[in-house]
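Several structures are given next for inspection.
Next come two complexes, and both contain chain A; in the first it sits with chain B, in the second with chain C.
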Partner chain A sequence: MTIDVFVYFAALAFMLVLSVVKERRDLKIIWLFLLVGSILLLIFDKAYVVFTMITAAKVLAASMGAAFLFRLTLRHFVPADFVKEVVTLPLTAAFGLLVILITALTGIFAPWIAPFGEAEIVTSSFAPADQIHLMGSDQLGRDMFSRIVYGARNSVGLAFAATCLAFFVGASAGLMAAVKGGWFDQIAGRLADVIMSVPSLIFALLILSIFGTSIFVIILVAAAIYSPRVFRLARAVGRNTVVMEFIEAARLRGEGDWYLIRREILPNTTAPLIAELGLVFCYVFLLIAGLSFLGLGLQPPTADWGSMVRENAALISFGDVTPLIPASAIALLTISINFVVDWMLHRTSGLKE
Partner chain B sequence: MSIENKTEFILEMRGLCVDGYSNEGWMPILKGIDLTLRRGEILGLIGESGAGKSTLGAAAMGYVRDGTRFASGSVNFDGIELTIASEAKKNTLRGARIAYVAQSAAASFNPAHKLIDQHCEAPLQHRLRTKTAAQKDAIQLYEQLRLPNPKEIGFRYPHQVSGGQLQRAMTAMAMSCRPDLLIFDEPTTALDVTTQIDVLSAIRDIVRVYNTAAIYITHDLAVVAQMADRIKVLLRGKEIEEAPTRNMLLSPQEEYTKSLWAVRSFKSPSKPAPKEDEKPLVSLHNIHASYNKNDKIVDDVSFEIFKGMTVAVVGESGSGKSTIARVMTGLLPPDQGNVRRMDKRLPLHYKSRSREQLRQIQMIYQMADTALNPKIPVCEIIGRPAEFYSGLQGAELKGRVEELLELIELDPAEYYNRRPSELSGGQKQRIGIARALAADPEIIICDEITSALDQLVAEGILRLLDSLQRELNMTYMFITHDLATVRAIADFIVVMKDGKVIEKGTKEEVLSPPHHSYTELLLSSVPEMDPDWLSDLLKQRG
Partner chain C sequence: MGDITFLILKRLGFGLMTLLIVSIIIFFAVELLPGDIAETVLGQAATAETVEAFRNKIGLNRPAFVRYFEWLSGAVTGDFGVSLVTDNPVGTAIAERLSNTLFLATYAAVIAVPVAIFLGILVALLRNTIFDRLTNIATLASISSPEFFVAYILIIYLSVKTGLFPPIANLSGNMSFPELLNRTFLPALTLVLVTTAHMMRMTRAAIINLLAEPYIEMARMKGVSRWKVIVRHTLPNAWAPIITVVALNMAYLITGVVLVEVVFVYPGIGQLLVDAVSKRDFPIVQACCLIFAATFILLNLAADVGAILSNPRLRNPK
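Coming up: the complex of A and B.
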């Protein structure tokens, strides 16, 4: 542990000197604050806080290192046009991409990765982690690690399907409203207003308790709740494009609405729409996790991150971290998506300058 | 280098280099410019866009835009070295001793505040005057700049006064602290010729009265000839030559300067008049049009366009000339009247026209930036109309696109796959022409297509259109406010004012006396290369 502490202070001191040399006043204050704070904590016998900070710093450093390596590797696997993008990729976005990639691969190859089946009872309830059961077991004695792996497939796959549906409906209606205007715009807009005016969770609970909790109903409900958001964005960016003269030129040529949307408007609106896709995915994912937590999402014994939090929630009072594992999986994925979305938004706004 | 170093010049630049940051790193924008300016002297800066005129103007205030930096050289303003002066020091100078007048006054005024409040900001900020004194001074300046109702006009908001008045109000604002140096960055480019005269004479007088030094940036040679004592010609960040205005106009030394001077010489040879019994290709019959019922934009307009001819529709902004184009294309169905092709009525709305009827009328727009889809490559922009109307596919389509690119004098191998962002302004406009030609139309409507371009580039476009006309027997309707363009290319002229046709006829009829009084006003307002033109004209008009 002493080596850790030594490295920690050396690193802080190094960063402080670096920020002084580079004349970054904002960073200088942060590093100084951390350094002085850590020393004071040690002096006043609060070493455990410092150890927590060291652990956090380790996690942060490991993530940054992983992101950095990922970026280095990625540039060899992308087409020549994108190499520049990859090299200038911020570390946060690289980390986000890495997590998304890992989650996607885990979901796709779940049966090969997971050591046990998702509903298979293999050991005693709430068994602690060991060599065979990497994350311990849940309340019925199922392997936690296998369930997390299957959960990546179920929760993420479901959220992905719902997002795509929300997107398809919202974006095509929004762009159509931008092109057509008039009564179509009015009706679609008012319909979106109606859906948005109902609190989303209550709306979801209502529909799910009427039609039952099948996968299709969950997808439809999530899509219905989030498509108005996409609709409004698509309509707004679409309207900005529709007033351009190249649209007028295409209309005077006699082109139909579908061509206008597909070839003239869509290429000019992809950037904000893709960024929105990421955000909506996060919301849908959290909504489905929330529904599962309430018992209205995916039904047992299907592994799902949201319901896994609920099933193991009792352990929290015993100071066990098991329920935090699926919760942190949810947090990690949403944060990663947000990192990537931030980078995309920044990039598109940068291009407009 | 000492910061205080007085000279006889109010502004002195020595070997000034400014770099701009781009994908390839720092690239020079200005490459070693020397410039001197005495008190009370006006220096004209001319050059095409991208020559570094505006960067030089900003550098005279010690300002570099984001992504640019002073690389070397000095800018000495009345003994103060601006390239190394602190921001605080420069802030005490800007507005008080150096002032700037921007191209678009409409975009530079804050629409939420009254003119006079914005006027008083600088004197109050620099603690030169009290609010009441500053307001009194503002009214005096408004009077000197010949603004109507000088006592009252300052209490209006920017949208309540016209463009020319706004530009003068902005000049007044720049004068509010009686600066030693004024920088005008294309102050009249966005104005009509008739308004331009008022602004030019007002600016010239006020600069003389207060003995202010000024840098006048423009791409219009005739304007700079009226304003400047000396002219400096810039090309790609380098000075080409500098001389007193009269010498420069009489005997330019460098090839590039000569080519600038020669721009206005292009004239399309006149074509044989149409036969007596020839039916007009397109004709407008008693068109009345409006965007809302109470506000008539076009009022009883009729004229004919004959095959192979160029009809120029001339007028100031707001005269309804662009609305005529919208009526012809069917974007704005007229309230009364009709559009006929070969004496057959065309449906009024574009949606009720057949594909064939749509093909026959094509349009080229003023702003190529918004008229071409930035995300689509050139081959598809041009290829789509060919594919859409004549159903060409694959190799045939590719051949047609290449043929069109050759027609507009762009190398197919190089430009086939480019996107509009990878083209210059003139090239974009050529792509716009190719897109219109791709439909194989009978008539092309050109809506102010050269007004956003530099003169040399604009001339190239006009020559291209003229040669295409001869080659393909094309018909043009040319909408413009620029009479030089009209002189160069038109066969017939329609003069419009306030939605009405003032005068129409062949070029010879309209451009030779006796004129209608409004045509006379328009014609006499076009600046000429003679440095005495403005003074003579003002004397003439009394």
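Coming up: the complex of A and C.
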């Protein structure tokens, strides 16, 4: 631990000197603030705060390093057109892509990665972490690491299915409304208004209290709640495209509505729609995680990140961080997706500001 | 003045209409139950007579429209019927918890709104510096983490490890006001963290959008300081989007409050709703949903009306 503290202060001092040499006033303030703050905390006997900061610094440094390496590796695996994109990728977005990739792979290959089964009781309850059980065990003695791995398949898969449904319904209705206009536009628009005027979690709770908590109900509810969002965006971007000359040309050729949507409008609206896909996935994922946390999502013994937080919540009052592991898995994934979406929006908006 | 009154009345009319439609959805969604309420509540084992007696007791034998209008007129006066589980009137069960929830939401809003607007202005002033980029990352992270993650982190660091605030917000009747504020600090802080981030980003965006305008350039060129440009020249024109986003976030607080109440075992209406959902106590579920939806619609309406009122062109017609 003493070495850590030494390295920490040396790194802070080095960065301070570096920012003084490079004459970066804003960076200088930050490093000076951190350095003086840490020294003051040590003097006033609040060393545990410094240790927390050191841990945070380690995590940050590790993730930045991972993102940097990922960016370096990625440029060798993409087609030549994308190399420029990859090289100028911000570290946050690279980190986001890396996390998304890891989660997807973990979810797909869950049974091969997890050392134990998802509902298999392998040790005593609330066992601490060791060589065999990397993250300890939960309230029934199931291996936490295996359950996190399976959770990547169950929770993320469920949210992904709901997102795809919401997206398919919302985007096709929205583009159709943009092309057709008239009564279809009016009815779909009013319907979207009504659904969006009820808070999402409340709407989900109402429907789940009636139809019970089965996987299909959850997927349908989440899709019903978030398709109006997609509908509005798809309609807005669709309407901007519909007024273009090439649409008129296609209409004069005698193409049908469905052809117009598929071949003329969709290729011109992909960028905002893909960004929206990411955002809607985050919302759906957080909604389903919230429902699971309330005990109304996937039912046990299925491993699911939201319900794992709830099941182990009692440990919090002993200062144990086990319930935070699944919670941080949820947070990490949504934050990563938001980083990527932020970068995409920034890129397509042509670097405004 | 005629234009603006008409606009506001039109919005109010729309709001009432939406509320009516939502109340219809809430009431008739329960009618969609496979079977009906009586069969669902009593379960498979109940005899036909018990089910029939239960139907008579809660008045299920009358047509749904009659029951809907009775329910709606009751709801307006605060009478939401009788709980299926405890037989107590729903109105009294909700009244006390509703005031608790409103207290928590107000507590969070009173802290969050000024802090968010101030920080938003500050970040707009410091745009494109390292502070701006760090705040961008921090706010993005805080928006996208689930409420219970933020809540548990706060519990671990501010309660278990340092003992600054109590981890559970249990209320008793005879608490002094400072004691009450201390007890409910962590749930309020969770809500503050989750909403502040969004409001900050929108405030920053609203101000930066205006900074490209020629009159801002003019002000800069005649030598007005950066801070003054923002506070005196930009802010008055940015109020409309800021008010909208504040009202929308207050509406968001209403949803966020459910999860936060469950984490901190806070005796509010959100927890009542979650309990009622797992017990399938439909009158309580309907009442809570109606209250949440009404508040949500009201705040969205406030956002609209606020945006109209803060637009000088609409306020002073030619």
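The rule is short, and it goes like this: the second predicted complex is superposed on the first by the 341 of 353 C-alpha atoms of A that agree within 3 Å, B and C clash if a C-alpha of one lies under 4 Å from a C-alpha of the other, contacts with A are read in each partner's own complex, and residues count from 1 in each chain.
Everything that follows uses one rule, which is that a contact is a pair of C-beta atoms (placed from the backbone, for glycine too) under 8 Å apart; a residue touches a chain by one contact, two chains touch by 3 or more.
Here the structure is a predicted model, which means the values were calculated and not measured.
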| query | Since both structures carry chain A, what do chain B and chain C do when superposed there: clash or fit? | reply | fit
| What is the contact status of A:I30 with respect to chain B (first) and chain C (second): first, second, both, or neither? | second
| request: Examine A:Y48 and indicate which partner it touches, taking first as chain B and second as chain C; both and neither are also allowed. | output: second
| task | Would you check which partner chain A:E245 touches, where first means chain B only, second means chain C only, and both and neither mean what they say? | result | first
| query | Angle at chain A between chain B and chain C: what is it in degrees to the nearest 10, using CA centres? | reply | 90
| Should A:E255 be classified as contacting the first partner (chain B), the second (chain C), both, or neither? | first
| request: Check the residue A:L205 against both partner chains and state whether it touches chain B (first), chain C (second), both, or neither. | output: second
| said: Can you tell me whether chain B or chain C touches more residues on chain A? | reply: C
| request: Scan A:E85 for contacts with chain B and chain C and give back first, second, both or neither. | output: neither
| request: Report the closest approach of chain B and chain C over their C-alpha atoms in the superposed model, as a whole number of Å. | output: 5
| query | Across the two complexes, what residues of chain A are contacted by chain B and by chain C? | reply | none
| request: Spell out the residues on chain B that touch chain A in their complex, using ranges where they run on. | output: 329-331, 350, 353, 355, 358-359, 361-363, 365, 367, 370-376, 380, 384-385, 388-389, 435, 439
| field | Of all residues in chain C, those that touch chain A in their complex | value | 18, 21-22, 25-26, 29-30, 32-33, 126-131, 134, 136-137, 140-141, 143-149, 152-153, 155-157, 160-161, 167, 208, 251, 254-255, 258-259, 262-263, 273-274, 276-278, 280, 282, 285-286, 288-289, 292-293, 296-297, 300
| task | Can you check the complex and tell me which residues of chain A touch chain C? | result | 24, 26-27, 30, 48, 52, 92, 193-194, 197-203, 205-210, 282, 286, 289-290, 293-296, 306, 309, 313, 316-319, 321, 323-324, 327-328, 330-331, 334-335, 337-339, 342, 353
| message | Taking the touch rule as given, give the residues of chain A at its contact with chain B in the complex, in rising order. | response | 244-246, 248-249, 251-255, 263-264, 267-268
